[in-house]
Amino acid sequence: MTAARKLWAVLDIMDRQLIDRQDRFAGTVDDVELAVADDGTISVTALLAGPGVLARRMRFHRLGPWLERFARWAVPAESEDPARIPLGRVADIGSAIHLSLDHEDMATMATERWFRDNIIDHIPGSTDAAE
Amino acid sequence: MKKILSITLGILTAIGGFVDIGDLVANAATGARFKMALAGVVLIGVLGIIVYAEMSGRVAAITGRPVFDLVRERLGPNAGGANLIASFIINLLTLCAELGGVALALSMIASVNYILLIPVAAFLVWIVIWKMPFERMEEMFGLLGLMLITFLVALFHLHPPWHELLHSASHPAIPKNETPFTFAYYAIALFGAAMTPYEVFFFSSGAVEEKWTVDDLNLNRANVYIGFPLGGLLSLSIMALTTVVFAPRMISVDTLPQVALPVALSVGKVGLGLLIIGIFAATFGAALETAMSSGYCVAQYFGWQWGKFVKPREAARFHVVMLAAIVATTLFALTGVDPVKVTEYSIVLSAAALPLTYFPILLISNDRHYMGDHVNGRVLNFLASIYMVIIAVVAVVTIPLMIITKAGA
Amino acid sequence: MRLSDLTRVAVYDVGGKRIGRLNDVRLVQDGPYVEGFGAGLRVAGFVAGSGRMGERLGFNRGGVDGPWLLKVFFLRLERRGRFVPWDKVARMENDAIHLSVSAAELRPFEPDE
C-alpha cells in the first residue's frame, strides 16, 4: 500500500488557481471549509471561492457576508451555495486545482456574467475567435 | 524567418521595457548629462531581467502559471494585494505615458498637436487588444520595433570616438556639475526601466497565451537571451549618440524630437523616417504591454479567465479591466501631463515595488513540487540571490532619492 | 468552520504559555472516502510559529530548495515553529487553541512527517 498523500492546507491549497472541467479559469481557492465528525476528527468538506469568501477572510466583516449573499442571488445554480465546491467535485490538486464543475455555476462567475451580459456582449466582435 | 517570429515575444517585451517613451528620453538625457558613465547600470539591468524573465517563462512553460498567479499564491491576498495595487498603478502611469508617446510619434509625421492624437492612439491600442491574435500582435510590433536599430546605424555612421565612449563607460565618473544623488537617481531609473515588473507579467502571460510547454524551454531561453540584450543594446546606442552629439555642447535632452535629432544629423531623412516607425512601434508595443499587464495582474490575482486565447466574451472581466484602464489613462493623458515625466515617476515607483514581484518567482522556480527537475541551478541561484539583494536595496533607497533630487532635476 | 478561522489563532500549551500562532494545517489523505475525490483529507495537526509571512514561503514545509542564502535564513525562521499533532489539542476557543501538552514536548516539523 502506498502512503497516504500529505498536504499543507495553506501552502498547497489556499490561493491556488481553480480550473473548471472545460479547462477554463474559475477563480482561486479563497478559503477551505472544515467539519468536525462525531469522533472528533476534522476533515476538509469543501473548497470555498468567491469575492465574499475572500472579503470575509480578509476581515471585512460586513462586506464579506453581503457579497456571499449577493453571489447566491446572482448565480442560479442547482447548489444552495455557489461559493462552495464540495470535495467530491475536486478532481486534482496540483500547481492548479482542477474541478469537475462548470464555472458558470460558481460564485466566482457572478460579476463575470454581469460584465459579459451588460458590457462586452454589446461591443461588436465579442464572440470572434481569437485565432 | 520562422525562427525570428518565434522570438518576437522576447523582443516586444524588451522593447516595451527598455526603449518605451520614458526610456527613450531617459537614455538620451543620461548620455547628454553623464556621457557613458551609467552604461554599466544598463548592463547590470539587462543581466537582471534575463535572470528573472527566464525563470518566469520557465515556470509558465512547465506549470502554466503566470507571474501574478504566483504572487497571489505565495504571498497570500494581503501582501499580494498590496503588490496588485502598486503594480496596477505603475501599469496605468506607464500606459498613460505610452499613449502620449504614440501620439507624439504620430505627430512627428502628421503635423497635428499631439494631444489631439491621444484618443486616436488609445482607440488603436484597444482595437488591437480586442481583435488581433496574440501572435500576430507580438510579431507586428516586435518586428516594427526593430526599426529602432536605426539608432545603432546612426551611431556607427557618425564614426564616434569608440575608445572615449568605452573609457567613459568603464571608468564611471560623476561630472563636476552633478551630485552623487542625481547620479544615483538616474542609475536607479535605468535599472528600474530594465527590470520593470510589467515585463515579467507580460512575458510569462504571453508564454501561457502561446501555450508553451516543457518542450519550449529552449524557445524561452532564445526569447530571453536575444530579446533583452537587444533592448539593452538599443538603450546604450541612444546613450552613446547623445554622448557624442549633445554632451560636448552641454545641451540637455528632455523631449522626443531631441532624441531623434542626432539620427537625422547622421543618416538623414530616410533614417529619420525609419526611426519614427520604430518609435511608434516601440511606444505602441509598450502601450499594449502595459494595458494588457493591467488586465493580467487583476485577473490572475482573482483567478478570473484571462487571455487572448479565448473569445472576449469568455474573458469579460479581463477585457473590462483593460478597457477601463485605457479610458482612464486617456483622460489623464488629455490633461497634457508630460509623458516623459510620468514614465520617470512610474519607473521609480516600480523600483520600490520590485521585490514583491521577483521574490515569488525566485521561490517557485526553486520549488520541486512545481518544477520537478527543472528547478534553478546553482549558478542561476547565485546570480538571482545577488539581484535579490540589489533589488531590495534599490527598493529602500528609491523614494528617498526621488525626494532628495526632486526627481533628478 | 473555515480554515481562515484557524490560521493566525494563538496557541497555548498546557501550562498556559503562549507558543505562537497557527501557521498551517497538515492534511493527510486517509479520511472517509469521498465520491469523486477519493480518500478524504483529514486534519492531522498544525504548525504553530510566529505567524509571519516568511513562514509560508515553502522552505521547510514545501518543496523550495534554494537559493542557499534564502534557504538558510527562512529555514531558521520556519524551524522556530512547533508541530502539534491534532490529538494534542485539548480545546478550541474563538481566538485560542489550548493544548494538552507542554511546549517542551513539541518539536519543529520534520519534512518527512
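Think of it as A, B and C in the order they're written, each chain with its own count starting at 1.
Following the convention adopted for this analysis, a contact is a pair of C-beta atoms (placed from the backbone, for glycine too) under 8 Å apart; a residue touches a chain by one contact, two chains touch by 3 or more.
For clarity, every value in this text was computed on a predicted model and none was experimentally measured.
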{"item": "Touch-based graph of the chains, sorted into line, ring, star, complete or other", "value": "complete"}
{"item": "Of B-C and A-C, whichever chain pair has more C-beta contact pairs", "value": "A-C"}
{"item": "Chain A and chain B: spacing of chain centres that average the CA atoms, whole Å", "value": "34"}
{"item": "Distance from chain C to chain B - Cα centre to Cα centre, in angstrom", "value": "41"}
{"item": "Length of the line joining the C-alpha centres of chain A and chain C, rounded to whole Å", "value": "24"}
{"item": "Sequence positions of chain A contacting 2 or more other chains", "value": "12, 14, 57"}
{"item": "Sites on chain C at which at least two other chains make contact", "value": "56, 58, 62"}
{"item": "Per-residue overlap in chain B, given as positions that touch at least 2 other chains", "value": "76, 369-370"}
{"item": "Interfacial residue positions of chain A with respect to chain B in the complex", "value": "12, 14-18, 24-28, 30, 49, 51, 54, 57-58, 95-96, 103, 108, 111-113, 115-116, 119-121, 123, 125-131"}
{"item": "Complex contacts: residues of chain B adjacent to chain C", "value": "74-76, 79, 362-363, 366-370, 375-376, 378, 381-382, 384-385, 388"}
{"item": "Residue numbers on chain C that touch chain A, as the complex places them", "value": "1-4, 6-7, 23-32, 34-37, 39-44, 56, 58, 61-62, 86"}
{"item": "Chain A contact footprint on chain B (complex, rising order)", "value": "63-65, 69, 72-73, 76-78, 80-81, 130-131, 133-135, 299-300, 302-306, 308-314, 316-317, 319-320, 323, 369-370"}
{"item": "List of chain A residues in touch with chain C within their complex", "value": "4-14, 31-37, 41-44, 48, 56-57, 87-91, 100"}
